[in-house]
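Just so it is clear, A, B, C and D label the chains in written order, and each chain counts residues from 1 on its own.
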Amino acid sequence: MVVVQCVEQGVVQRNSQVNQDSLAMVILSPRIAAMARPGQFVMVACSKTGQSPLLRRPLSIHAVDGDCLTLLYRVVGQGTELLANMNVNNSLSILGPLGMGFAIAERKHHCLVGGGIGIAPLLFLARAIRRAQPDSQITLLAGARSDLELLVIEKFQPGVEVLIATDDGSEGHHGFVTELLAEITGDVEVYTCGPTPMMKGVAAIARKHSWGCQVSLESHMACGMGACLGCAVERSGVHEGADKYVHVCKDGPVFKAGEIWA
Amino acid sequence: MVVVQCVEQGVVQRNSQVNQDSLAMVILSPRIAAMARPGQFVMVACSKTGQSPLLRRPLSIHAVDGDCLTLLYRVVGQGTELLANMNVNNSLSILGPLGMGFAIAERKHHCLVGGGIGIAPLLFLARAIRRAQPDSQITLLAGARSDLELLVIEKFQPGVEVLIATDDGSEGHHGFVTELLAEITGDVEVYTCGPTPMMKGVAAIARKHSWGCQVSLESHMACGMGACLGCAVERSGVHEGADKYVHVCKDGPVFKAGEIWA
Amino acid sequence: MGIDLSVQIGSLQLKNPIMTASGTFGYGEEFSPFVDCADLGAIVVKGISVTPRPGNPPPRIVETEAGMLNAIGLQNGGIERFIDSKIPMLRELDATVIVNILGDSVEDYAELARRLEPLPEVAGIEVNISCPNVKKGGVAFGTVPEMAARVTRAVKDHSSKTVIVKLSPNVTDITVIARAVAEAGADAVSLINTLIGMAIDVDSRRPKLANVIGGLSGPAIKPVALRMVYQVAQAVNIPVIGIGGITSLNDVLEFLIAGACAVQIGTANFINPAVSSELVLGLEQYLTTHQCSLADLIGSVRV
Amino acid sequence: MGIDLSVQIGSLQLKNPIMTASGTFGYGEEFSPFVDCADLGAIVVKGISVTPRPGNPPPRIVETEAGMLNAIGLQNGGIERFIDSKIPMLRELDATVIVNILGDSVEDYAELARRLEPLPEVAGIEVNISCPNVKKGGVAFGTVPEMAARVTRAVKDHSSKTVIVKLSPNVTDITVIARAVAEAGADAVSLINTLIGMAIDVDSRRPKLANVIGGLSGPAIKPVALRMVYQVAQAVNIPVIGIGGITSLNDVLEFLIAGACAVQIGTANFINPAVSSELVLGLEQYLTTHQCSLADLIGSVRV
């Protein structure tokens, strides 16, 4: 697959709070929007080039609407804070689209499992599945600590069945999102993004049922394009030499679960 | 003299262009405004603390109006560019007032000589002289490369006679501002701020006439309060050991001309 | 009762582990509008030599990315003037005062220690060994273990005060120097002094500092400083004082966790003159919130 | 006719003095959407060893003020795989390719030089001597002049290509190492490699890098790099290639004025992937505007 990227000066169209600590930013970025596929990400310069923070920040592509990208991000540190302070018509440098996205499997049932901000890449994916396989069933299992944290789930509807789990029971199932998988059966492909323990749990259940399972990983990144080797993650199984690790930015961020966890 | 300083979170009231490359920023900063004297300066944090640029920037106090300070600044680099991009109601950390200001001499005629942005501290001074010695004569000699560069001179009037010199003759005398001093006679104190060659020229003329002459110097600064010894400037005459240099931030920025240039 | 922030450095007990770094805090008085020096663990005053020094010609400072270069050139009025004009003022400040000393020869250092010995206002001595040894052709005392050890011994021989040796980072293996001064009797080491750097003005094609080279300080050097503190803390059994780019509470904690039992704040004083006393409060709050003692924190890094 | 940007490094003539730094530009192909590698002076590929290396466990990178720490651990597929799978691709790129090599022993370096010798696609070799010498108890080749010289000689003995020795900044006196490798026959030196640094996560009290320590790069280290380039340019008669925090045209000019006859762009590639070719254009424009030749610029600092 030929991966094509560019650096584009995006223009903020909207930057609005979706809950206490997360925002959705809509950016006019026609070249990247035209190339993007679900599961890919961009590297965003949160400050003017050369100023603090130095490195770009990796963010998944949450949605593509025409010439615009939407990013859904949680404010956790200096970079995301600068993003949160951006206003309409501000411009920012975006590098992308990067990485290998989700592969839409030939399945009857697509089960998307998101934990917290891990829901970000799943909207773009849900829409792409709907388009590619209008007759397949799509279920979103969305997990959060409380209902305040449930992000943008209404955007998935209609067309996607949504099941919710919260740690405190304030909405949906009281418990882990992985527990919702008990209700799923059949010819299933699971796509998951969220905290590592959650994804590991999802992968274990998928393996038990012989479902396909694709996981979207995170790793600290410098270049985002396979040059620095900074974003290494260990592969499952015994691999020698330079094959011991895969690189999230280039080989991923989406991997077959079995490639990472035995 | 007891010098009292503080760090205050100033709030921008106005930040407007006065010519192509200079702006005037009015800042609500009541504690510093209450303490400031003409010729003193402040150290402004142009970015949020801890972000680039690291050091504060020294800027003269251009005027004090009630609880507000005005700074008149030329955009020359990263720090002043960030200032230029500030909007009304933005806040910024200000350290001041700093240094020893001008000493208003007991003279019949006060002659203020400003070159380019060196006019900045002279407005506050002119107003203070007017108040302290309502019957004395005040003349501003303002020099610039062209009329486009003539800053805020109308603010000095009424009460101050204004003579202008431009390098290209586009306004006032065609030539150096120092040449305007030929027209000045009598019991004069000269106060000058601007490029070093200009101030040296002014000081030489003043010495010839036995006028008092106070010069406002610049130097790269880190602390602005006498602690780092970074802002040293060599004194005139032969001085041994630690007395070879004076420090612009603490001993100045205003010095008797003879203390610096023999 | 509040949390116990005190730390022991040699025979000296500091109220808390937050000190100010030499050359960045004047003689304390400059900061009196912002900091009550009595609240700090200690203040380390600007380096003092036997005879007055004029310092380097200007420009002496230049800003760099997340840091600054300085070439002050160890300007100071000499030990005589220090005793006459600064000691009375320091007495008033009621601070724990550590005097940073520097010399061109081992004898200079010994002489300075001897002169400071009778002064009750001086709680300790910090020996700056980054200076070039004039007699040995200008090689810095801090780069040759034997020379560093000789300076340390000379100061210890003439002083009953706590002696801290301040190490230069411009060496291949800082643990070798640290061990040498520890064996020579240093009560503690402090590190790092500045990294040597340079900047050039492209238009004039001249160095931005009149002295050509200068010392790099500020957040830019923090990772190097933290690594050296970690290495030295493993290498010696005397207290280690961490210095280099410390700006925030998080920075203080990193150095303590790496093995420093106290820290010095340098360049950050220029940006926020109240930072040192804010960090004392911040540390106290952190330990209270995390129900953690200072001893729990120091050297607690798990590798 | 445009301005002449070419520079001579040993027997190699570069189109212009802008190169990319090893480990920050992959094997060139990663940057093909942004840079035509044929436009650059040269690309220096990621360090190659005799046998494949897995590299260090993650996390391998962490951001710091105006810089970053990396502990990639010299991950690479080994010389065999490099020749089989990267050389054909590099041939297509039409770039001047310099191969960065690293080893655990002098023999490793010699072996790598021998293997690269027959490849016309390889224009030069950059010898990374920052690696620890496994046989000599892990002391880095780059910190002991005799060891640095031995590695240099071994590579020169097995190579007719231009040999650049890349110096480590983690030494007391970099000019001593530079002179040693120059005398041993190096055609050029490049500097600096990364400064050794560390960062700690305060919450977990663990180093932020799995490898505990890592290499500091980026704008933060520029003043140190520039100082060392200036010193080495005075100390040796072979070309000096400047590396360290170079981001802007102004940075390039500073290094050239300090005495570098070429520069390498490292961390800046991550922030702006097109920066290297933008700098070629920028330099050309600067020289045109200022009616100045490259030779006028190089080493023109007036102290």
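Going forward, contacts are C-beta pairs under 8 Å (C-beta built on N, C-alpha and C of every residue); 3 or more make two chains touch, one makes a residue touch a chain.
Being a predicted model, the structure only gives us computed values, none of them experimental.
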item: Chain at maximum distance from chain C, centres defined as averaged CA atoms; value: A
item: Distance between chain centroids, defined by C-alpha means - chain C, chain D (Å); value: 34
item: Centre distance in Å when chain A and chain C are each reduced to the mean of their C-alpha atoms; value: 47
item: Multi-chain contact residues (two or more partners), chain A; value: 52
item: Residues of chain C whose C-beta touches two or more other chains; value: 65-67, 219
item: Chain contact topology (line, ring, star, complete or other); value: ring
item: Touching pairs among all chains present in the structure; value: A-B, A-D, B-C, C-D
item: Interfacial residue positions of chain B with respect to chain A in the complex; value: 51-52
item: Residues of chain B defined as touching chain C within the complex; value: 4-7, 45, 49-50, 52-56, 93, 95, 219-234, 239-245, 250
item: Chain D to chain C touching residues, read off their complex; value: 64-67, 69, 143, 170-173, 195-200, 202, 204-207, 212-213, 216, 219-224, 226-227, 230, 245, 250, 253-254, 257-258, 300-303
item: Complex interface listing, chain D residues touching chain A; value: 23-26, 30-31, 33-34, 46, 51-55, 57-63, 65-68, 70, 72, 75-78, 81, 218-219, 247-248, 267, 269-274
